[in-house]
Amino acid sequence: MNFTSDNAYGASAEILAALVAANDGTVPSYGGDAITARLTARFCEIFEREVAVFPVVSGTAANALALATLCPPYGAVLCHQESHIALDECAAPEFFTGGGRLVLLPGEGGKIAPGAIEAALPQYRRGIHSSKPSVVSITQASELGMVYRPDEVAALAACAHTNGMTLHMDGARFANALAHLGCSPADLTWRAGVDALSFGATKNGALLAEAVVFFGDARDFEYRRKQAGHLISKMRFLSAQLEAYLKDGSWLKTAARANALAQRLGEGLAGTAGAQLAYPVEANGVFVRLPNATVARLRQRGARFLDWAQPSDGRTLIRLVCSFATPEEDIAKFLEAAR
Amino acid sequence: MNFTSDNAYGASAEILAALVAANDGTVPSYGGDAITARLTARFCEIFEREVAVFPVVSGTAANALALATLCPPYGAVLCHQESHIALDECAAPEFFTGGGRLVLLPGEGGKIAPGAIEAALPQYRRGIHSSKPSVVSITQASELGMVYRPDEVAALAACAHTNGMTLHMDGARFANALAHLGCSPADLTWRAGVDALSFGATKNGALLAEAVVFFGDARDFEYRRKQAGHLISKMRFLSAQLEAYLKDGSWLKTAARANALAQRLGEGLAGTAGAQLAYPVEANGVFVRLPNATVARLRQRGARFLDWAQPSDGRTLIRLVCSFATPEEDIAKFLEAAR
Amino acid sequence: MNFTSDNAYGASAEILAALVAANDGTVPSYGGDAITARLTARFCEIFEREVAVFPVVSGTAANALALATLCPPYGAVLCHQESHIALDECAAPEFFTGGGRLVLLPGEGGKIAPGAIEAALPQYRRGIHSSKPSVVSITQASELGMVYRPDEVAALAACAHTNGMTLHMDGARFANALAHLGCSPADLTWRAGVDALSFGATKNGALLAEAVVFFGDARDFEYRRKQAGHLISKMRFLSAQLEAYLKDGSWLKTAARANALAQRLGEGLAGTAGAQLAYPVEANGVFVRLPNATVARLRQRGARFLDWAQPSDGRTLIRLVCSFATPEEDIAKFLEAAR
Amino acid sequence: MNFTSDNAYGASAEILAALVAANDGTVPSYGGDAITARLTARFCEIFEREVAVFPVVSGTAANALALATLCPPYGAVLCHQESHIALDECAAPEFFTGGGRLVLLPGEGGKIAPGAIEAALPQYRRGIHSSKPSVVSITQASELGMVYRPDEVAALAACAHTNGMTLHMDGARFANALAHLGCSPADLTWRAGVDALSFGATKNGALLAEAVVFFGDARDFEYRRKQAGHLISKMRFLSAQLEAYLKDGSWLKTAARANALAQRLGEGLAGTAGAQLAYPVEANGVFVRLPNATVARLRQRGARFLDWAQPSDGRTLIRLVCSFATPEEDIAKFLEAAR
């Protein structure tokens, strides 16, 4: 019973098979191959418009490179105070932008709202004494398992654009958000005003593959990727993963599966004595407060998960993440152990 | 007949199989897995001492991260004017160091000698008006297919250390150099004074896997790797490639094979009318001047390779790279077409 | 009646005279002159030990260069959330460190305490996912006009050093702090554990002159200063300002004068109907809540000052800064207008 | 007899007087003062068009900030291999751009020509493997004392613009160039296609004052200046220097004087036995080869100057710099000692 992270599982069979299949023959390196060409076309299809697509190997690379493209060294990126870029990427945005500042905003469930942006801006409106607000970055789904609806994204985009900023979406769990909402990739991104998307795949079944997608000018992104050591020579091995990921809606099916398991887990725990869901379960993560004794018992029975916070009420807030490959029986086993 | 690059070929069967085998089960992410632990031990064994090992996904990342660890923003890296870091990495060293300067040195066959370093230093000895000479970086094998012997490395290390610098080795083709020399990895690196090594695998059969190896203090390298987006979450997939690469001397066998093919190609061409080898063939690359008509004919017959330079004598200097997977018959076919 | 900033006034007569006197003759540039040599000796005298001294032209330069020397690109600087480096220097620390992160701490009166540091550290103790805590930076006197006593500095230094960090002091108003405490420069800095000091002079009578003082290894600071364009060619003009500033305790007298005026202003306002001092007046700044009507009347009568915050109780928190050159009569005039 | 550098002399009486005069009263800080406002208007007048003007304290700051504005981290700056930015600024351009590469070009007398640019570009035309050529930077007058005519500047600008680059002029000795040519500031800059100018004053009589001038979009330059610690709080003291510098053509008179002294020195030396001018004397520097015995005798007689190079013919190439304040009699004394 491993609920520690979507990264604890390996890759899906389909993606692994595609990787193996991509190995045949000689092809041009650095993205000049046929798979990469097909991949770009496929992304345009999925997003219903022309987009610029750049495969990279990690979510941190995707986010930091995208932010460096959108935010100058003297710029500020406004984001949630518990976002991945704020807490888990070792100041990669500051390094890649060469001096950018993250402005940390509060918000329920890991989501920010236009109000939080408006509240933060005055301090950054005193001319050159503060960084220039340049980008709003949101996480979809959020680090706390919640999902922005298209209208929420649109409101944030409007707020960003009105204030001279662009909107970046960290979509490490973009598929989970889409699976939850049932809307189209286009509706959740550029139609709502998103300028650049970190398109995740690793957490949802790839070995190591993400993509940065620009809906407008990619502003020499390919130079930044190369200079950062993130242009892979045997690019076919990245592109093949993403192609398999997107084939026949595979990505949405694996995400829907992970979401459904989390849903079941959340519902089961909601009915457990002393348990309390911290946030609605919308994507593939469950955040629940459990009595410390229950937490200890779960660990004794072999369940693995992260302690997220330690309130002072004799309970622990734990995080449970379901993945594309979490065995169904683990849900039942966990729920039984929790009772 | 594809001689364009070692990157034109995919991965070796052994490495691919190891990657597939690594997919089973759940494991800790970010390098906490058993394969990564074994890999570190394996590197220590191979180098006959304790070393710090950090897998990354590209040679540019390996070089730039190693150089940023060794060279401050106000420092200079002395390297060959035709080295990969100078010509082919989009100023990654400058970006990762945050301001470092490359000092470009001449040298036969892509190799530098202590004399070139000594000649360049006086200009950088005027105190703070120039960057502080901090690192000497050499490429093993060189970009022109030549190999530094251990005594040559030792002379460069002595020169570097005497002048307050460290010695970095870009070993994108380290295996080819070893296979040529027949010496031990230890003799070619730390015993000769190398401080840090970019250990290549991608060009010699991996999908995407290199490692940075420090023979002394790694100086928080792991933070730099993370901040640069080069710490892979599902690290087992990198480590598995490197483990298979090193298993039973596999890496040296594939390198020896590539070298042998290049040798045969070089010898065959040396006997061809109008042909002239630009450098001795020591690793897996052949640099040869051929009459333009011959070059055109080779292309017509399906051979692929790079034009390296265009002397004004009716000939073209071309580069031919043999890889672990180049078919043996391609050598004979190429030589026949060249006649 | 200009209380907007210590920067609103020009330079003291002594410093201006020294600048003019420094103009004679030819001297070596870039700090090779006699005045600069004398200045270093003078600093050693004042701090009762050997120190490394580097004049620069702005407080932002002093802070950012000092922090870049102490904090790597992947490091974090812990500081007060209302400190000058956090709010007023356009992310200069992030730019100069090449990726450093500021961790913003709460604290009364612009001062931080060891408890705030200890509370912030756990989040930065998860290995490489977060920036490495590298420096604690405190502002002396604080942005809200309060002063750290030597024992408070020592407690912070102990906390910093215990946790593998260094202690930096932003002493833009160092003279005001000393004048308030009456202790020696040594007691307030290296004897209490300070590693590096931004030594201010501009706010207290210089035209443009600050100095970075290291009590230990200056770690190639002179390279960083040069690379940042902060090494002045005609260095005598910076050094002469600082020499005059330090002559015969001049710096402490001007600071004491400014403090005394602020004290008188604070005391006068404390007795005014509806007024409330936000913090004790210790240095040269007065932060006071006044009824909005009073604030409006003061402005009508020609007083200039900054609105600092707008509480919702019909009052405004204003900042009043006294300088070495503020006319004494302005205090009486202001107090009269405030009644 | 001090001919070591234009920086060996202090400031002109006019500029010093203006600095002293600027000291009166309280004024808004950070450039909100009246002198700075007048200065901008004055620059527009002098350049016969609207320009954006930003005073800074050093030539290195002016150059590096201008280049960072024009060149992205992945960009290249093409410049002469003996230019000040290449040899004397401790890689400030690399630091400020966050990774930019200098491409060093040859050229007679420290000047580059379009041919050298065209020859260097092909290597930077292989897509993302090399830095993106972004800026051509020329030095006016050159480090070897020669001057670009307006038509030469125009040819370089055309070459830069045709190739997607901008043209930056390092005008540390811009006044000397103008005085030599007798043309207008507009003719030598924007009318010839210059995009940004580092406008020098320190070498020609200021204490510490330069300005960056943009003829087009200044692209948030003011943020970069602030973030780099180069926005002076008491800005009036910078602006006053520049205002006095420009008053009544003062800057051109002092430059013409320095040029004339250099001219006389050059002519005198040309007629000396064993002497040979290395370059025509156009600005305020004289580069001359003298017999080693002569060089030794000059030093014995109290002359100070730099050894520039040591040819193997028993002579030394020395540099002699005349300044706005070099005593006329020093020329005669030097020439007499040289005979």
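For clarity, chains are labelled A, B, C and D in written order, and residue numbers in each chain start from 1.
In this section, a contact is a pair of C-beta atoms (placed from the backbone, for glycine too) under 8 Å apart; a residue touches a chain by one contact, two chains touch by 3 or more.
Quick caveat: nothing in here was measured; it's all calculated off a predicted structure.
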Quiz prompt | A-D compared against A-B, more contacting pairs | solution = A-B
Self-check item: Per Cα centroids, the chain farthest from chain C
Solution: B
Exercise. Let me have the rounded angstrom distance from the C-alpha centre of chain B over to the C-alpha centre of chain D, please.
Key: 42
Practice problem: State, to the nearest whole Å, the distance from the C-alpha centre of chain A to the C-alpha centre of chain D. | Solution: 50
Practice problem: Mind checking the centre-to-centre distance between chain A and chain B? Centres are C-alpha means, answer in whole Å. | Solution: 34
Quiz item: Of all residues in chain D, which are in touch with two or more distinct other chains?
Solution: 73-74, 89-92, 95-96, 98-99, 128-129, 131, 223, 226-227, 231
Exercise. In the complex, go through chain D and note every residue touching chain A.
Key: 68, 72-74, 98-99, 127-129, 131-132, 220, 222-227, 231
Exercise. Please give the residue numbers of chain D that touch chain B in the complex, ascending.
Key: 73-74, 76, 87-92, 94-96, 98-102, 123, 128-131
Quiz item: So in the complex, which bits of chain D are touching chain C?
Solution: 2, 4-5, 7-11, 16, 19-20, 22-30, 56-65, 89-92, 95-96, 98, 202-203, 207-208, 223, 226-234, 236-238
